[in-house]
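Structure first, commentary second.
Read from first to last, the chains carry the letters A, B, C and D; within each, the first residue is number 1.
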Amino acid sequence: MANKEPNIGIVKDGKVRRFTKAGIAAHWVHTVTFLTLLLTGLSIYVPATTWIGNLFGGIQNARIIHRVVAIPYALFALVLLLVGSRQQMKEWLKVAFTWKKEDFIFSAKYIVTEFMGRHGDLPEADFINSGEKVNSILTVGTLFTLTISGFVMWFPETFPKWAVRLAYPIHDLSWLFMTSMLLVHMYLSLIHPKMRTALKGMTTGWVDEEFAKSHYPKWYRRVTGKDA
Amino acid sequence: MAKTLFIDTSKCMACRGCEVACKNWNDLAADIRPFNGSYQTKEGFATQTYTIVKMNEVEEADGIRWIFGKRQCMHCTEAACMMVCPKNAIQRSPEGAIYVDRDLCIGCGYCVQNCPFGVPKVDNNTHKMSKCDMCVSRIENGLTPACSKTCPTGAIQFGEREDMLRAAQVRLAQVRKRFPRATIYGNEEAGGTVLYILTEDPAVYGLPPHGTQVPWQVKFWQYLARPVGNVAVGASVLLLLVATWFNFVQKPPKETGAHVEGGVK
Amino acid sequence: MTNHYIDLKNTDCALIIGSNAAENHPMSFKWLTEAREKRGAKIIHVDPRYTRTSALADIYAPLRSGTDIAFIGGLIKYVLDNELYHRDYVVNYTNATFLVNPEFGFDDGLFTGYNPQSRKYDTKSWAYQKNADGSYKRDMTMQDPNCVFQILKRHYSRYDVDTVCKITGTPKDVYLKVAETFCATGAPDKTGTIMYAMGTTQHTVGTENVRSYALLQLLLGNTGRPGGGVNALRGESNVQGSTDMALLQHILPGYLSSPVATEKHATLADYLKNETPASGYWTNKPKFMVSLLKAFWGPAATKENDFCYDYLPKKKPGVYYDHIGLFEAVYEGHIKGMFLWGQNPVVGGPDALKEAKAMENLDWLVAVDLWETESASFWKRPGANPADIKTEVFFLPAAASFEKEGSISNSGRWVQWRWKALEPKGDSKPDLWIIHNLYKKIAKLHEGSTDPKDKIITDLFWDYGNGEEPDIDKVAREINGYDFITGKQLPLFSKLKDDGTTCSGNWIYCGMYPEEGNLTKRRNTTDSGGMGNYLEWAWSWPANRRIIYNRCSADPNGQPWAEDKAAIWWDEAKGQWVGYDVPDFGKTKAPYAPGGQDAFIMRPEGVGCIYSARAEGPLPEHYEPWETPTKNILSSVDLNPAVKVWNTPMNAKGNSSRFPYVGTTYRVSEHWQTGGMTRNLPWLAELIPYMYAEIGEDLAAEKGIKNGQKIIVSSARGEIEVYALVTKRMKALEVNGKKVHQVGLPWCFGFSGIVTGATANNLTPHIGDANTNIPEYKAFLVDIRGVE
Amino acid sequence: MRVSRRDFLKISGIAAGSLFVRELGFNLDAVEAKVPELKIASCKATPTICPYCSCGCGILIYTKSGKLIGSEGDPDHPINQGALCSKGSAVRQIHETDRRVTKPLYRAPGSDRWEEKSWDWMLERIAERVKETRDATFVREENGIIVNRTDGIANLGGAALDNEEAYLLHKFARALGITYLEHQARI
């Protein structure tokens, strides 16, 4: 595959380079901003969550922080990817949005097998498996829906009334679904006995070669040129 | 049973006693605006202005008419503000008044954007919503709202909803003798609101058209978006609990480590 | 008012003319709304502007300001031609049947007896014809050419609808609708009420405007009946009381004339001889006058010294002491000191620029008010240089109405007590305290003086408690009056005597505070017959009568003309008048007894006066305002011939070539009088925050003026910068074949207050009515131009 | 408790969604908003009459231990039966507004500002000026008729005075010999 990211796929003492520096930075910027927005937003979601606002020095501070952090959330990750990891981003998005029959099989079986710690014979995954494709689609999708609906809610006078009123449900749907995906994502990367090794990918950029071979065989073959 | 206001705009002379009585009862501050070429010197509701008398000049075939109509919260039976308030700060009192508990209100503005009548206003320094509360502390103690008590011509009446509706229907016949296009407003709107006899089209009074209901976006938001979203998050949590059970409590059988179909090549 | 506010609910048709009742007397519409809802009453509003009253009226008739007499004259002709008058009423209760001196006449705008030099009438030729025994000659068939009825017909024959509409500018169809609707109340079982205010009185023909309403109401048989009468909606909470207490140069409390330095008033005997009529209740005037003098100078007033009659100051003949004359004197420097008790002429006075300038000549000014008004700070008004103004000014802070006790009288003559809710704010004091302590300081300065003029002050009967706080109850008792011998409060003015054994500060209030207590404090809400008279609530003068001339509510046999319009009726069994009101008639005088039809007990004639001599004639005649956009087409006399014209500085006359539009001043619901009591209150300031001129869309288009832009309104006296409020509600009127525009100006703005603005009265002229000298605020000429 | 369709969906959603919050030990019942207590409860109501136009409407001034709480129409008064127009409804601010002058103020001739003075000083000074002007412009007799008139002092006002005040002012003014005695009824 022509002009892939420079050092993606390099193998060294049992590890293979999976993510670029820019990609990692983008991930963690996105993570920090989203979680902050989630918590500050959550403080007004239901009557009982006001205490969360107090973590930020009161609900009105939370309100300001939500708006301030929304800007880096909306822009920084995107900028970092475009600047530092354009190639992998393109690949990532291409893979995320190509869905074949096997992807659906993968998702269904994965939940009841791998996710539960059981072995399941699943179709071969490319750069990311279909679960991660759902996560990617949601992340990119909600980045836009949250930003746009948030902006509309922030300046209601400048938008038609129907649009402002539609922004509220869109905002809620977006963050609720993103959060439910996030829970699974965080569980896998932090708690799941078998999967949490992947976290190193997002910290150092390298993952175990074995792990890569077994979890992302198509990607492994493509980027290392060796057999899975 | 719920009480409501019945406003017969054909009796209103825009003396604005209601505007001042409302400020008097609610201890609201004055709010002077630039000259706008009209006796109605304020455009609409504001954090310190819960009620306002609309004054519109209309030229008709049989001559000029100066049309007055008092606007305030509609105290809807299906109240969009109540539905969207994330902190349950907006409640309905036993007598039917929609009022805000200022300790609970966080000034998020959901009600401001979703009220079909544009009534609630949020104060940007106190971060509190304020609007007409039908003098809830008065009506819960058997008194009438300040505006209805002070109205010299009896254009603003207050009482049980059926009585007010009956009064409106009886009055409508008389009013139509002078104003053929008069209609009752507020019987169907938003599940039943403050009742009006309007002598002209609702738009002249700054009211949305007959039949206005809670905005569909609000229903979509509250009945579909939030529940579905909550369910999604709930499902994830459930999933994680189950996964934790399987991964940690009931240890998986020793595996060869191969996860991929067909094992390791 | 001949009736009162609640009685409006009994009317079948309300003609609101020269008043903007819905804005300036909003509570009147509580009862008009009830009349409309319960009785199907019609409301008619006649006004140069379409106002909030017009918005509620069934019929709105525009008219050029200053043409009320033409308008009403047309209705009088309409009533006579269509025989809509209430014949039995007119024959029995009015002087329509009276015969007039054959020499009486009217030609080209002037009645007989006019002297152009003195601009006064010799009224001998207007007198009634009398029989040998002094009784009035009457022709009950009303056919005699010299009877008032025929004179009336001849006089108003010139007021046909076309002529009237040419003068007033009212569209003919609208005029006829008004005529048809209101004149229907001539039917015996119907009553119509006329509600008027300053729009009627503030003209050079103000008195005759009111006379024309009284005349019309007598023809239609509406006066003295529930839902009828001629009802002045007065502007201030106690202007009725302050007028009754005679804070006016021409009267003493109880409407007794104030003495003039002429032979007629030289001594008490001369005064009583010349002031007491031969018949009618005023024959008791000596009792009222002596009791008043005893209330003023108490023990010092004895039979020997004419009860201190000489202590009363006598006016210099020919001098005008009214407001306009007063300020002309201040302008000339004759007056050195001035008291202002809650009055603000720099905003409320006519030709306010001249009046403010005049005040600079004062040596000292005492202003008693709740607010730092424009008059109290005239010396630092815009354009004034304080260094040049030598007036010493004392501002005394006054307490508000609910920070003190006392009674006030509303338009309906209800005298109601007000209790004290709060201590006065800061160091402010009730006016009673100020007057009491100021008098004591002045009296101390004159103590022991032997100079006779100082005795006037020290002899004053001032027995209101000795401390700093005057005892208001004692003042109220004195107003009512008591018997010096028994010390008891008098039950009614019929108990007053002229031998000095009784006193009464105001005979028409005698009965307010009998021995059993101050009736103004009554709060009993029983309303017998549901007519709204509430005889047990507070007390109304005279003698608690709620509808005066209510004898007219019964036909000549003493039975009500209509069941639902009953006030009093004759009860043969009891041998007295009974009903839902205190009879304004001899309680036991039977209808069939002699004088049983004399329903107007105060009048010497005993009947209502269709024909009644005033300075400018016995019948209202249309004359143009001093500044008119057109000519008088009814006669060659443009200005009311009996009016005093002040050719003095700062009072120039404008003509229609330089000032083509008719200016008229008015108030709005949210502001009151000169604005001190409303423009200093945030909740009212925010409702009407800016001074504006109200002009029609057609005039604005003609002058290229946009709504909300600043404009200059100018008259021959001055000019002011205001916002333009362009409205559909004011349209040009077709007057004598020419388009005439009108410009509305609220007069409640001044330079001091939370909201301020230009003063409309900088434009109004120093000229007044022929009888009362009330200034012509309502019709003058202005021009307008846009401000770049 | 009658649960409307809306509440059921809302509760079911929250129930499921709130599992992750449940363990945090917070109950999610709707918090009951409290109705503000009645402002004029335990107030003293003093009847007065509106100081503005001449309708004579009844007003109740509500106070609590001498402090102003509010003002409303007097429901027992037959003319207005509790109703009031814009001016009547604002009566309370006549006491509350800081625009009220609360101290006697004196302006010396030619000065450009007010100075605060005591009541005594003011009344004494006014009495002296009155005596001065009265003595200077008093006319005792004119062509044989006793007139006792003071030409140099004019008294204007006031239609807003009580009857007792208006009567006493008339008596006071006539005793000073004032014939320039006028007030708002004239204009």
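Everything below uses one rule, namely that a contact is a pair of C-beta atoms (placed from the backbone, for glycine too) under 8 Å apart; a residue touches a chain by one contact, two chains touch by 3 or more.
Note that the coordinates shown come from a computational prediction; the quantities given were computed from them, not determined experimentally.
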{"item": "More contacts between chains, B-D or C-D", "value": "C-D"}
{"item": "Farthest chain relative to chain A (centres taken as mean CA coordinates)", "value": "C"}
{"item": "Chain closest to the assembly centre - both centres taken as Cα means", "value": "D"}
{"item": "Separation of mean Cα positions, chain D and chain A [Å, integer]", "value": "67"}
{"item": "Mean-CA-position distance for chain D and chain C (Å)", "value": "26"}
{"item": "Distance from the mean Cα position of chain D to that of chain B, given in whole angstrom", "value": "35"}
{"item": "Inter-chain centre distance, chain A versus chain B - centres from mean C-alpha coordinates, in Å", "value": "40"}
{"item": "Contacts with 2+ other chains: residues of chain D", "value": "14, 17-18, 20, 30-31, 71, 80, 83, 85-87, 89-90"}
{"item": "Junction residues of chain A, two or more chains touched", "value": "46-47, 176, 183"}
{"item": "Touching two or more other chains - residue numbers and ranges from chain B", "value": "15-17, 19-20, 24, 87-88, 104, 152, 154, 226, 228-230, 232-233, 235, 237"}
{"item": "Footprint of chain D on chain B - complex, ascending", "value": "15-17, 19-21, 24-25, 83, 87-91, 93, 99-101, 104, 136-138, 140-141, 143, 146, 149-152, 154, 222-223, 226-235, 237-238"}
{"item": "Residue numbers on chain D that touch chain B, as the complex places them", "value": "5-6, 9-10, 12-20, 30-39, 41, 70-73, 75, 80, 82-90, 92"}
{"item": "Complex contact set, residues of chain B against chain A", "value": "84, 86-88, 104, 106-110, 112-114, 127, 215, 217-218, 220-221, 224-226, 228-230, 232-233, 235-237, 239-240, 242-244, 246-248, 252, 255, 257-262, 264-265"}
{"item": "Parts of chain A lying in touch with chain B, wherever the complex brings them together", "value": "44-47, 50, 53, 59-60, 63, 111, 114-124, 153, 156, 161-162, 164-166, 168-170, 172-173, 175-177, 179-181, 183-184, 187, 191-194, 213-215, 217, 227-228"}
{"item": "Residues of chain B that touch chain C when the two form their complex", "value": "11, 13-17, 19-20, 23-24, 29-33, 35-39, 41-42, 57, 59, 63-68, 152-154, 174, 178"}
